[in-house]
């Protein structure tokens, strides 16, 4: 392997994998949960320095973390739905990626997916609130769905939407279960299992509420190669 | 409570609840699993004697049990999909009840539901293999679905079908998860959770593979009162 | 399908399924959890405009949400147990529906069921605190139970009540497990499993704490009966 | 502790705890599952030699094991429902202990409990097939139940019976969940949870299908009573 | 059944089972979780009026509830570890009941058991902090353990203590798993399973943290008959 | 939607979705578990007639089913690892798709993936037995991995391989957990959870042992790439 | 890393990690489940050729596999409890390692541990059937336990033994849960959780029934000790 | 056993096992959760008095507890990551023990392990943030890893790191799953299962977030004998 693929910056308490874009096409992101705001800002700063042309991303930021990121990076910081994306967003080169969600309560996860996708140069289209209890809302959007090169489907509760969408399109379908629901939804286990058992062949699944991961998978699929 | 409501026949090892029709509208059924074929035949015989005008039902019969029931009751025994229904089926008085299933592998559970429903005087209509991966198959049947006074929906794997059906009809929808599937289907847990979390209001659920229970619920709903 | 069945109002972030009453007999309800109070009020307003003669319902409202709904709709808003029902309640046309609960701690879920049922035109009767540890309390109400056209049974902990009730009546029995209990109640899993495995044939089950769903199922059932 | 309390016989591959009667009032029993028939016979023989006046017990014997025990001990061996009890049964000194079961399919577990209880000198009374779907069968036996000094209640599926029984008697109630059922019964988890969450105070629970353990608990309880 | 066994006081929102002492030997207790403080005080007052000679008990009281109970009943209220016991404690007639706990963190559950036991006329002895990691602490108490007519063993984490205790005594052993622990203790599931699978025959188990239930089982065992 | 997208062939007990290729790019496959061999052959025949130029696929075939498929279709049938693919395989147009597996015991699932992928026109490369316990085996294949346009990673037990692979390549990574393992592998739950929680961003997951689904996802992904 | 650490033999369908001894001190073992007997023999042969002085090990061999291994290697093959160890056992250099088991039914897992340990040059001592229901059997062996440099404790059901042992010795304690038990033992989950939550500090745990893994951990530990 | 091995100090509500160092090589530690700060200080004081030359340890201290410990012991108290270690740390006699963690969010658990290890006389080396998504960071540390006599590996999410580390070193590997992650990480179940199913032989596992237990196991392994 070449040098840049194996590079990292050692902060002692963290080793920032600066070689990741060369290897995987996308920069390392910061998982903010369990880190202090100072640690999050520190890693973001290291990432910005290593890759000035890329957007540095932190996920699962709470309010205190978000405030410190905004204080540290000012206008460069775009923060929404627990994501902080620092840097100028690239022009959308690839897509469109449809981000479809079943209900309004699923919107924060869809927003996480959209923000991360756009930070990685993808063009996104939101199709909101098209749950299967009122199928015509979805069927009205079949045209838009079929224009998408990749479809991210976000749903909680019964998690039935990805099966229906995947039966209508030929593009890759990435299903994101959400923790929306109560009781036997078990914090997202119900839609997770639904999606893993989809009767529509070719649906793939990411972790519960993992809009970030769905966007990163879409980026891999769309072939966003690093601007090394 | 009146006498006949509280009647039972004591066989020592079993107490046949002969008062059940008077109380609940339907005769006691035999759960054959864990019983010897002799015990199953014994209870069926007691039920036939107590209620000559009713069909006596045993569920979860294995092959040995089915054979002994057929040997004991001859042409009176109608056995399919693990159900043995003994006696002349009544003319269908109520319905129609639509029995909808998602895939061909779900047919045995649907058959259990149909047989028990018909033994209780319900008129049934089977709508098979209309899973959500090919929605148009279901949408082609909306007319038939809307004619049904009650809809039983049988599905394994993702269990998404009841949510879609319940968004299209105003009749009661009884969802039956099946053990069809593998891996993260967990023997029917996946569709069970899907159905309990349906985004379509008013779906009710019975146990995994419980076609019998769905039919009995339909019988309660259709108001099949006992011919006491 | 006819036009009105496929209608919806597109708010961008939400697509209100205004065709739902034509298809399923009941208007869309708002699941307030995970939505901002503004979003909840917005959807309720759209529903009120689309169906002035119907009661618009939001479930799972927290205090902040309830306050904004009350501020927005004034006397039209009837809020209790996390439900906000906006509009004039119809005269009870159908019923009675018995809402039975095992313990006093189950009352909030029973209240959710009653409020939603009445908003859908059902006549309800509450039979509270008749858990099986003191059977005579329930047996004293057998007369009232048998007058009911449909019975909703709400219970936490051991969830044993629906099995007992279903052995006494011929009406449909909808069981609602609650999260009342601790330890091995596992937030309602214990009574949920109890109810799914009821030894009384024909019990159907809804999600944990889902009084709303039970009422909607009762509305579907009573609609059927009304037509016959 | 005294010598006899700490005695054991060392077979190398097994150390038979011959001091157990002196400490706990009952001899060690053999858990036959996972042991060869020869090992089971060997331990039973050691127990018979150490305590000639006691019945030696093996549980969970399969057919091959049962045959070898019968071959080894002849008429001394009483084998039923997977239990082999070797030796003369004592006259029943204590009791009566009621063994109540919900359905006929629960009988093998009830038989295990009865056989072990009688081998330990308890007088037992079987009350079979009194599940809560037909309450009058149980209410007809309230007199017999109240005569019992201790009640063992065996039930699968919804496991509701112990809650009802414990509301009718003042004696100790030991609940035994069984693996009778299918689907969401999860091999006995459903009735186990039901019983652990009983709304009737003072119900205690043993492992799924553990008729042996219930009988041993009854023996401890009846020993206490005998002393007072 | 006689009249007093079937008596209850109907408050509308609650039906106080005043016949319970006549049937089961102990008065109904109030499960305070999910009830308002006013409801709890109301039920306690009804119980006090129905049975002036008995201690009325509420469990799972939070601070607000405890304060209102103390305000309502003054010196009559004995409140500790979430239990409020109202009335004069009877002289201990029966026992001793040993309440054994594995660690200091299990003390609140042990206290719940002790308070409820004493309110029911049992004499209790606390043996604290004798977990199996230092066996000699327990072995030093074998004498005291063997004097007990009934033993309640309270343990979290590995829940190993009841198996060891039951191998040393002939009295009934009631095991109480606690939610003490973290990670794979899963809120008490770990010790619950340990206890259900005890290798010492005759251990019975109650719900996680259910000191109340263990005391009520001890009361049944000790034969505390109602002072009707 | 156009006619051919909505076409299906109604066999009564099955409705073959012949419009699926037009909508999703791939023909319906037969899930053979729970179907009779006659049903499987029947659906395969219908698919062959509807799409003579396509390979018809049945998955989860047992031996009896495989034999009947081979008898019915002769040389046209290619059967391996439970998959029966009937028809001439297309020339590989797209790829390469790397199918990587952690251990030799995972090979059947990898074979399922390869066969289905090739039946859908993908060029596949197997990289077997490169589990993380001996990293150098994998690192020796980095070149081959990076040449792949899409990577399917099959692993049981700890399921660690996809995380490592995804850190080395920029292509899409589809993770397939297998049921290889015992004890706390829980039939594939362990690697399923590992993969859903991958620390390498952009890994997507399919059901346990679902080599078929992974291949179908790869086909969707490679279809996308082909169009650009 | 040096060459020999990175060596492997590529059989196409398998890549034998011949560098493993140089890296980890022990040769690769064959997990036979899911492999054909031919594959198992093939890997064993490769291992024997690469490391003639080492014992080659296959675990989880069924009868057919065992027979073929014995046929292939003759007297070199030592097969017991599902393990096939091929080659001359080294003289025991390190130890002693005590292998302690709670009951006779746990012996097969203890045997797997002993055989693998001895194949890796460890001296083992079996202490069988010392479960905590009869503590004196264990306390009689404290001397032998304290002579051990490392202790492997094998237990099913309640899994309580490792906690007790670890409170008596200062050596490392490796706990092996077994699948011995039924009902709520859940195939070994109960003792697994017990052991993970041990109240005795410093207990470590391996997978259910994983005698092999425990022995390999002991080998790592004894290697450490030998070097100092 | 000798006297000092069986010594304890009885505080009534606690029995401090002062004989533990003589038996197990390490003093009893205080599990602070569920104890009052006063209780924690009390036990620490007793431990300090019994073993003046040892560091007394409390784990799982919340802020209030930590403050009181610091107030009570002043400079003697070293508190970090929920651990309070009171007394002068011994010179590191044994090691080095490598504490490796996958991500920065795992640092608190690693800190718990380091602090406890050092309090027990072990020399520790932290290797932070070497998760498998960027393997080169870990491979850069192979030299340091191989110098370690024992390796503790701390990881959340996919928990893949211990398998990789154990394939590179011959020292004992103790794996610590953490609760870092969300959704299907299930509070640490995901990495716990990963580690229990490690494909690298000889990995042992402790409870989720149990840095303390890992350090105590390391102390056993390193042979830290008590300075009695």
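Just so it is clear, A, B, C, D, E, F, G and H label the chains in written order, and each chain counts residues from 1 on its own.
The rule is simple: a contact is a pair of C-beta atoms (placed from the backbone, for glycine too) under 8 Å apart; a residue touches a chain by one contact, two chains touch by 3 or more.
As the structure is a computational prediction, the values presented were derived from the model and not from experiment.
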item	value
Copy-to-copy rotation for chain B and chain F - C-alpha atoms, rounded to a multiple of 5°	90
Copies chain D and chain C - interface residue numbers shared by over half, same or different	same
Centroid spacing, where centroids are CA-atom means, of chain E and chain H in whole angstrom	36
Approximate Å spacing (C-alpha centroids) for the pair chain B, chain G	50
Two or more partner chains touched - positions in chain D	1, 20, 103, 133-134, 166-168, 183-185, 189, 192, 196-197, 200-201, 207
Pairs of chains in contact (touch as defined earlier), listed by label	A-B, A-C, A-F, A-H, B-C, B-D, B-F, C-D, C-E, D-E, D-G, E-G, E-H, F-G, F-H, G-H
Interfacial residue positions of chain D with respect to chain E in the complex	1, 20, 23-26, 29, 142, 166-174, 192, 196-197, 200-207, 212-214, 216-217, 219-221, 223-225, 227-228
Complex interface listing, chain H residues touching chain A	103-108, 128-130, 133-134, 136-137, 180, 182-185
Touching residues on chain F, where the partner in the complex is chain H	102-103, 131-135, 157-160, 163-164, 166-168, 181, 183-186, 189-191, 193-201
Footprint of chain B on chain F - complex, ascending	1, 5-6, 8, 12-15, 17, 19-20, 28, 31, 33-35, 39, 43, 60, 177, 179, 187-189, 192, 207-210
